[in-house]
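Presented sequentially are two complexes of chain A, the first with chain B as partner and the second with chain C.
What follows is the complex of A and B.
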């Protein structure tokens, strides 16, 4: 049992409320849940990939059975812990909010902080200039940029379905100053 | 179909493929070359349909680094709102508001600038923004109103 495996397992549990919204919510809520599920699954795969690499690196040591926790391990615990917690906050937020547009804020929240910290953890272990480090950074950047763009498209659909127009009302113009 | 544009797309997509899969093997390279060719062809078809008429100005791209600190800041805002909502201390009262959406001229520049602003704004989780019907305004939805914006004029 290690931090990568624990993180992936926690996120798979976090997918339960997302699946609940996906199945029980209306079409807009299901769309938002699908967006969040895509992000969480990408992070799970990143964590599992790192765990499998870690296992491949392990070699039996004769006469030394006690595991030693290093400063690097503690750094990884913190980075993966923050990243996974951020994703779980998004999953809980998706379940707790009542409207599709409010849920969308939490789907969007999952694409920034979580992937960045997981990528930082991978880079800490593998090095920034490594295939795994560069791929993790690229995944975090793609998730952030694609999350913003996808959020824009979904917000547009939600607005059109709930208000019927993209034209601001007088009250909305007044609020915006 | 413009050969230069297609080649540039192919090089970028092929580079991304190799960066992501991380193994320098003949089979992977062949698959990447094929996938990049397919992607480059789709991109060229989209460009010919006028769907890629975006030319954001560099000075507008300079506004986006602000997003780097707005993302954790706004993540804190939405997390706090969630905790207070779950504890029934304060319910979430989100709202839509309209704000002007600067763009510039000509049309591809305006479209590019607005796309940059809106994509950057939507990376920070407290505000989701879309373009209005006439494209002169942005409709922004704040989960917690009054906390500023990442890229749009606030």
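What follows is the complex of A and C.
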């Protein structure tokens, strides 16, 4: 197993608390959990795709019997590690929070931080001006924009279901909300 | 066998069980979507990206839409 598959495996395990909220939480919490699951699976697919492509590139080495870990590999470990950890924190945070709107914060955070670091890892390995690097950047940008839009829509649904209106209450106005 | 294959197979099995056991129809739609996403990962690991793409379109877009329409039509009746 290498860093790409290790990261993908960790994220798949991270889907367990998300699935728990999806099954056991109320319907709004389930909606938020599904949003986070979509983001996590998108990153899993990115990691698996990069590893499968890397394997397709492998050629037998002549006169070299063992792999050498380079500085580039360590940079990849760090970038993928940070990206995967950010997603796992979002998964655990989703489980730990009590209300749908609190869970939504973690689901939205997962669309920005994790994908950015994973895209940086892909660009570090493949180069920024390469098909894989540009695709990874595009995926990170789309996830961030779509995640933000979706988060806003879900937040409005939660607000409408819990308060019946999008307008702030008198108490919220007093607090400056 | 690679650990990721084992984890994915276990999750797909658990997801199938969850789809069968969930009683609420709207929640069932969401759980089925998550199950489909797991299947997409599984198909990609099996080096079948074309099948994964088909599953993605059918399982996360077409199937939930048809299911939700059926639920709404059932409530209207």
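By our rule, the second predicted complex is superposed on the first by the 174 of 177 C-alpha atoms of A that agree within 3 Å, B and C clash if a C-alpha of one lies under 4 Å from a C-alpha of the other, contacts with A are read in each partner's own complex, and residues count from 1 in each chain.
Rule of thumb we're sticking to: a contact is a pair of C-beta atoms (placed from the backbone, for glycine too) under 8 Å apart; a residue touches a chain by one contact, two chains touch by 3 or more.
Note that the structure is a prediction, hence the values are computed from the model and not measured.
After superposition onto chain A, partners chain B and chain C are found to sit side by side with no clash. Look at A:167: by the touch rule set out above, it reaches chain B but stays clear of chain C. When the shared chain is aligned, chain C comes close enough to touch A:19, but chain B does not.
For chain A, the partner with contacts to more residues, out of chain B and chain C, is B. In the superposition on chain A, A:30 makes contact with chain C only, while chain B stays out of contact range. Here the apex is the CA centre of chain A, and the angle it makes with the centres of chain B and chain C after alignment on chain A is 100°, in steps of 10. When both complexes are overlaid on chain A, the residue A:108 reaches chain B alone and has no touch with chain C. In the superposition on chain A, A:82 makes contact with neither chain B nor chain C. By the touch criterion defined above, A:95 lies against neither chain B nor chain C after alignment on the C-alpha atoms of chain A.
When the two structures are aligned on their common chain, the gap between the nearest CA atoms of chain B and chain C comes to 12 Å. Of all residues in chain C, only 2-4, 7-8, 11, 14-15, 18, 22, 24, 26-27, 30-31, 33-34, 37-38, 40-41, 44-45, 47 touch chain A in the complex they form. Residue ranges of chain A in contact with chain B, taken from their complex: 86, 89, 92-93, 96-97, 99, 101-102, 104-106, 108-109, 111-113, 131-132, 134-135, 138-139, 144-145, 147-149, 151-152, 155-156, 159, 163, 165-168, 172-173, 175-177.
Taken together, the chain A residues at the contact with chain C in this complex read 1, 5, 8-9, 12-13, 15-16, 18-19, 22-23, 27, 30-31, 33-34, 37-38, 41, 44-45, 48-49, 52.
Those residues of chain B lying in contact with chain A across their complex are 16, 19-20, 22-23, 71-72, 74-75, 78-79, 82, 85-86, 92, 94-99, 118-126, 128-134, 137, 139-141, 143, 145.
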